[in-house]
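The two complexes that follow have chain A in common; it is paired with chain B in the first and with chain C in the second.
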Partner chain A sequence: MAETTELQQPKGVRGLIHRFYGGAPLLGILLGFLACTFWENIIGEALASVLLLPKMPILFGLVTMSKVFAGLFNLAIKGSPFELFTLIHVPMALIYFGVVYAVPLAIVVRLTVRPANAVARSLQQLPLIVTALVHLGFLYAIFHVWVELSDYRLITLKLTLIAVLLTLSLNIINGYMGEFSCSHPGFMAVGAYMSSFFTVGLFVNDKVLGEALLGIPLAFLSFPLALIFGGLCASLSALIVAIPSFRTRGDYLAIISLAFLFIVKSFFENMQSLGGARGIMGQPDWASLPVIFIVVVIGVWAINNFVNSTLGKALNAVRDDEMAADAMTVDTRKTKMVAFLFGAFWAGMAGGLLAHVLRFINPAMFGIQKLAEVLAMVYFGGLNSVYGSIVGAVSISLLGEVLRPLEILKWIFIPLLLILVMIYRPTGLVAFKEFNVRKSFGPKEVD
Partner chain B sequence: MPLLEVIGMSHYFGGLRAVSNYNLSLESGQIAGLIGPNGAGKTTIFNLITGIYQPAEGEVRLNGTNVVGKRTNQIAALGIGRTFQEMRLWRHMTVLEHVKMARYSKLSYGLFGAFLDSPQRRKEEKKSTELAMEYMELFGVDQYADQLVVNLPYGAQRRVEMARALAMEPKVLLLDEPTVGMTPEEMVDMIMVVRKAHERFNLAIFLIEHRLRVVSELCQNVQTLVFGEVLVEGTPNEVQNHPKVIEAYIGDQEIDF
Partner chain C sequence: MKRGAFFIVSLAMVALLLSPSAWAANEIRLGFNIPLTGDNPDVGGSSRNAAEMYLKENPTVNVGGKSYKLKFIYEDNEYKPESAVKINTKLITEEEVLGIIGPQSSSQAVPAGEVANNMATPMISPWSTNPNTTLDRPYVFRGCFLDPFQGPVAANFATDELGAKKAAVIYDIAADYPKGLAENFKEAFEKLHGAGSVVAFESFTTGDKDFSAQMTNIVRTKADVLFIPQYYSEVPLIIRSAKEMGWTRDILGADAWGGGDLMGLCGDDCKGYYFSTHYAAAGAKGATKAFIDAYTAKYGKTPDDVAALTWDTIGLMVQAVKDTGGLSGKIKADRTKVKDALAAVKDFPGITGSMTFTPDGDPKKCAVIVQINDAGQFAFHKSVCPK
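On to the complex of A and B.
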């Protein structure tokens, strides 16, 4: 397998990257990133001041550069003052990126090809769960070290991880099942409110929800219960959409789910006992990075299991030809129902996490804008693909942060990008690609 | 008692009477044929038997129990497998996935087994893969196992559809024009495939055909349908030479005797 991919090497920049990293297993690349994050912890600050950067670049220097462009743009449009000197930030940020990330990554990956392959090979003899845990351990270590330098990184990473879960849960319905659902922010809202109701109501003295009912020390251990409670409530609320939509064949789902989104929003706006339009505040600070990481990993794992089982593949059969699915004994109604409720459950979990990261929620957060965001992630990344959802959620989240200094222009760039993707890759960047866990952890032989 | 029995079945599309007072009796192990010009209502009869449409009148009995009113997937699971005139394969799925899907109703690991990748799920999926490979080998499509069906040659796609229908382990197999659009060589090949399936699984087969040659090679009994009504019924020879049949077919260019 590795040999055939070696034969048809792509050309250009991609070819260069491929030739460089092609022989390295995932383990080696993770190791490289880990080295980069440690390296940045050591030299980041000093390097930034040597390079005359105002402060240490936070997102690989991308924000630094986009700030310069924003300055130029404001000069051109509004004539706001612009210090020419700041132009130097662009090459300096690139140098920073090269010194801190690109070069060390290349060196470490290159140097560890052999040992990393050997380790990957011996890991392959062990049960898949062990291999998976080793890789996830590395990934977590990277995250852990990377966020140490800034709280902004921490919150961005948390929100990105939550976005991955949300995107994947919508991909079940819009991608794997091939129907168009708009209700996901609604499920998220239900999950966010119900888990907050659980945690704030039981353990926090709050103006809206009253005195804490329980004052137990190890209360945070109940957080998984709160999240699951939120997810189950979201699933339950999904029945309101699923029952009328899947009774008959036809494209009612889009319209019913959109109605549901508005109903949920105005429901919470009018529920004074849940804070009305002002929402709920003061959620306990339990959504730490490890908690979110574990929940998201479990979510991705469970969803990937489902879509790769015959019960889950039935979704593809229903999407591609429902009559044939029926005639081959597939219970199409049950299949759709299950997928929809399962997707809603994970959206509810994501909502619960979000509520405890931001530590405030209000109905306005779960409206059309949220819908546009998650739809963009699903369709940009790729339908019917776990990889696609990860790519979509990460790139749209990052892009949102990077383009933030450009203010209004951001709302031109992102839709433009989406339109381009829709034209050239109508199903998204990495659509219909199966997530083969075992293969992606395996060794890569070259020489 | 016949394995599959249809009694006094009628169906309307709006005002159009597509099938009227249709009767069928199929014994286990028998191969019967249904011929007739385009638009006669042949496919509609299949759709009525498999529960895709509900008949206005009449009964469909499998092993003596009426299945009218049951859902398509339930009727299929009771033992009526079929193929489609226009094939109806799943364009984003591989050949192996097609054949495995037909074993949907035989899986018992349940939803949580699927979510959590339980040992039972792994065992059942493995067994189902092995069985699917056997069916694919039988119809000579095992070498395409991991390819998307849309990339297969036409004849192979038809054989995938047969493998899929048989992986359901049906008692009755309904074949809707299995040789449509085939070259003469592919047609001979398909006749062999149907024979093989019949011998191997001792199936009752009910076959819609446009080409009388296929019918006369395979069937013991043939019905001729014109405007939703059975005109003549008998052995292929009797039907072929019946004056009414010849009359009904005049002007239908697509028929080749």
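On to the complex of A and C.
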């Protein structure tokens, strides 16, 4: 009897983590992270100097460690000088991570298992929206406290959130719809340009787009309108690519959508009224963390609902067998069209946010490189999965930051990782996993 | 218990003494926001080469009677605007640099300059030619002259020395730098010779390899001079195409000809032509020659203009740090002091010419016209200074 229960439990480190946190609801874990961020705000600086670290480790100590490895690597390859003293940073960063994150998280999660479960249970009686808002409130609080310590964290977090939205929007087409579309950076470009056209054109004195048309003090309230305008324009442009190309599938659609990407890029390069190759700068600084957080949350919510709806299921049917789906009374053409436009809309929103975070866009940003980046995020994280897109976007963004000191080695390491993922998990890390909102917010009973 | 507390406190104090952050007061940290990977790694490579050479020659700086160790921090911006913004933030908040050198290209320098200006950190872009990089940003400077200056230099040279009355231009419409320069040249040339004197204004798109259609048009117009404001990697193809189509007259280039290995790619085809640039490697004298010799000895190739401009930019930054007359150790106050000193720099003797900043943060400096001689060297022909 004991043996069978043993077999059901995952073994090793994963099993250990599973047993330890398994009984804690999401609420408890969020609480634990919130405690960690506050704890870091209090002791981070002092602890770092006690641990002989030059500066507080900013991304969980990972950058600190990767810098040491980069130093060692340069010593081995080019013989550049290496300060032996910095070797100590590796264990110290690990200790820092343990003291600031791992241990407090474990303690808080463990201590709050019972109360958190009780709260989660009572929250479950309330409408889903209330439960969701409570959890999201905690999540935002974690982000807010975490970025207080450094602007670098802030910009990294902002761009990561935008990457999540973008990846998810591409996953609708490449994952749920099962087509290989390459036009996503193009939609993003349309969204970025059109929302910038809206905000810069109306509210900013600009050399390219001329004097501000309106000088309203509460202009930032129109930012959602600008984003939606960008998203709608992206949808509209998606219609242009969808109408002629949906007679084709597979490789042909990939080629047509790639052509679309180039058309968009060339279009903006040649549109002198939108800045041409020099792009548009001076977007108002409206994309603050709460704004991005809200937009991304709404995006994730909308996309999750979309893919779980009848239309989303029809989309999966079209992916698996278009003819069978047609026979089963699915309007395949409409389904594909709606999904394509919906994906483009959110890509446009992501583009609009990106434009207002960087406060600069040019056509060269939305080229093949961007495409490779988003595709990597989608396929790394997992097809046909909201979880997967979040995992993919966050891990690729984080890896990019962490491995930056390794310079050219980074571009060996990340592709290698992708190859390994494709070999051992051909559909990505967490593919085909449904995101059950109500269940993930619910309590978890301890035996 | 008491003993334990004492032990911890003393450990902390020892740690504080030992920790590098306690020594950082004797260090001047400069950040480099350069593309070490991505589309244009040569640009980052040249910048780092110049910086490493500078560091070897000047490991310490004397500011207000106190000696500081120079420390350079290189970060890779992957030739992407997002990364350039991230890195500038990282250099400012995490590495706590006193000033930033880079990014080299305008598409990264424009957004990165915004960050540097907002966070009140002096930044000098050695190579960015887009006016927006420094416009209305008191903390942002640049190390090179601008296209609105270079365009007229080329137009005047074509008129005065080549006797041109009709000019043709071929440029990449999708790239920021060639397009800006082509337009500036056209404007200046038409001011001298009247509207319509630029008889052909042909464009192509980045990555194009076949220019025969444009060249046919250009040759048919019988222009006196052809202006090619393109990068070194594209110039050979364009020139070969022009020759194949029967172009025999003069060709004029711009400073991007001098970046990278033009002669290796172009061979004999480029000899005899002129271009305007930041400095002339062949026949250089004094500090410029010393720099070129040292660089060639160390890296086995002649320094391109990115290397030379980066060298000057570091020199400018260090000069400004010296001019502050002493650092307080409070990074924010020191950054503002450095910015003020940068704005006040007068006639800095750089290897690419003497530099003084205008209130916009752009340097007033001379352009050099070089001719590619028969030995394949860029020989000094003439220096043109702003009035």
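What we mean here is this: the second predicted complex is superposed on the first by the 435 of 447 C-alpha atoms of A that agree within 3 Å, B and C clash if a C-alpha of one lies under 4 Å from a C-alpha of the other, contacts with A are read in each partner's own complex, and residues count from 1 in each chain.
The rule is short, and it goes like this: contacts are C-beta pairs under 8 Å (C-beta built on N, C-alpha and C of every residue); 3 or more make two chains touch, one makes a residue touch a chain.
If you're wondering where the values come from, they're calculated on a predicted model, not measured in any experiment.
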In the overlaid three-chain picture, which partner chain does A:Ser309 touch, first (chain B) or second (chain C), both, or neither?
first
Quick one: is A:Glu148 in contact with chain B, with chain C, with both, or with neither? Answer first, second, both or neither.
neither
Looking at A:Ala317, would you say it contacts chain B, chain C, both, or neither? Reply first, second, both or neither.
first
Return first, second, both or neither, reflecting whether A:Val330 touches chain B, chain C, both chains, or no partner chain.
first
Which superposed partner A:Asn362 touches (first chain B, second chain C, both, neither):
second
Using the touch definition from the top, say if A:Glu401 reaches chain B (first), chain C (second), both or neither.
second
Per the contact definition in the header, classify A:Asn270: touching chain B only (first), chain C only (second), both, or neither.
second
Which partner, chain B or chain C, touches more chain A residues
C
Using the superposition on chain A as set up above, list the residues of chain A that contact both chain B and chain C.
none
Under the touch definition given earlier, write down the residues of chain A that touch chain B in their complex.
302, 305-306, 309-314, 316-317, 319-321, 323-332, 338, 342, 384, 432
Chain B to chain A touching residues, read off their complex:
50, 52, 71-73, 76-77, 81-82, 84, 88-93, 97, 100-105, 107, 109, 111, 113-117, 121, 125, 128, 164-165, 168
Of chain C, residues touching chain A in the complex
11-12, 15-16, 18-21, 24, 36-39, 41, 75-76, 80-82, 85-87, 89-90, 92-96, 106-107, 110-111, 114, 119, 130, 132, 173-176, 179-180, 205
Which stretch or stretches of chain A touch chain C in the complex?
46, 49-55, 58, 85, 150-152, 154-156, 159, 265-266, 269-270, 276-279, 281, 354, 357-365, 369, 401, 404, 407-408, 410-411
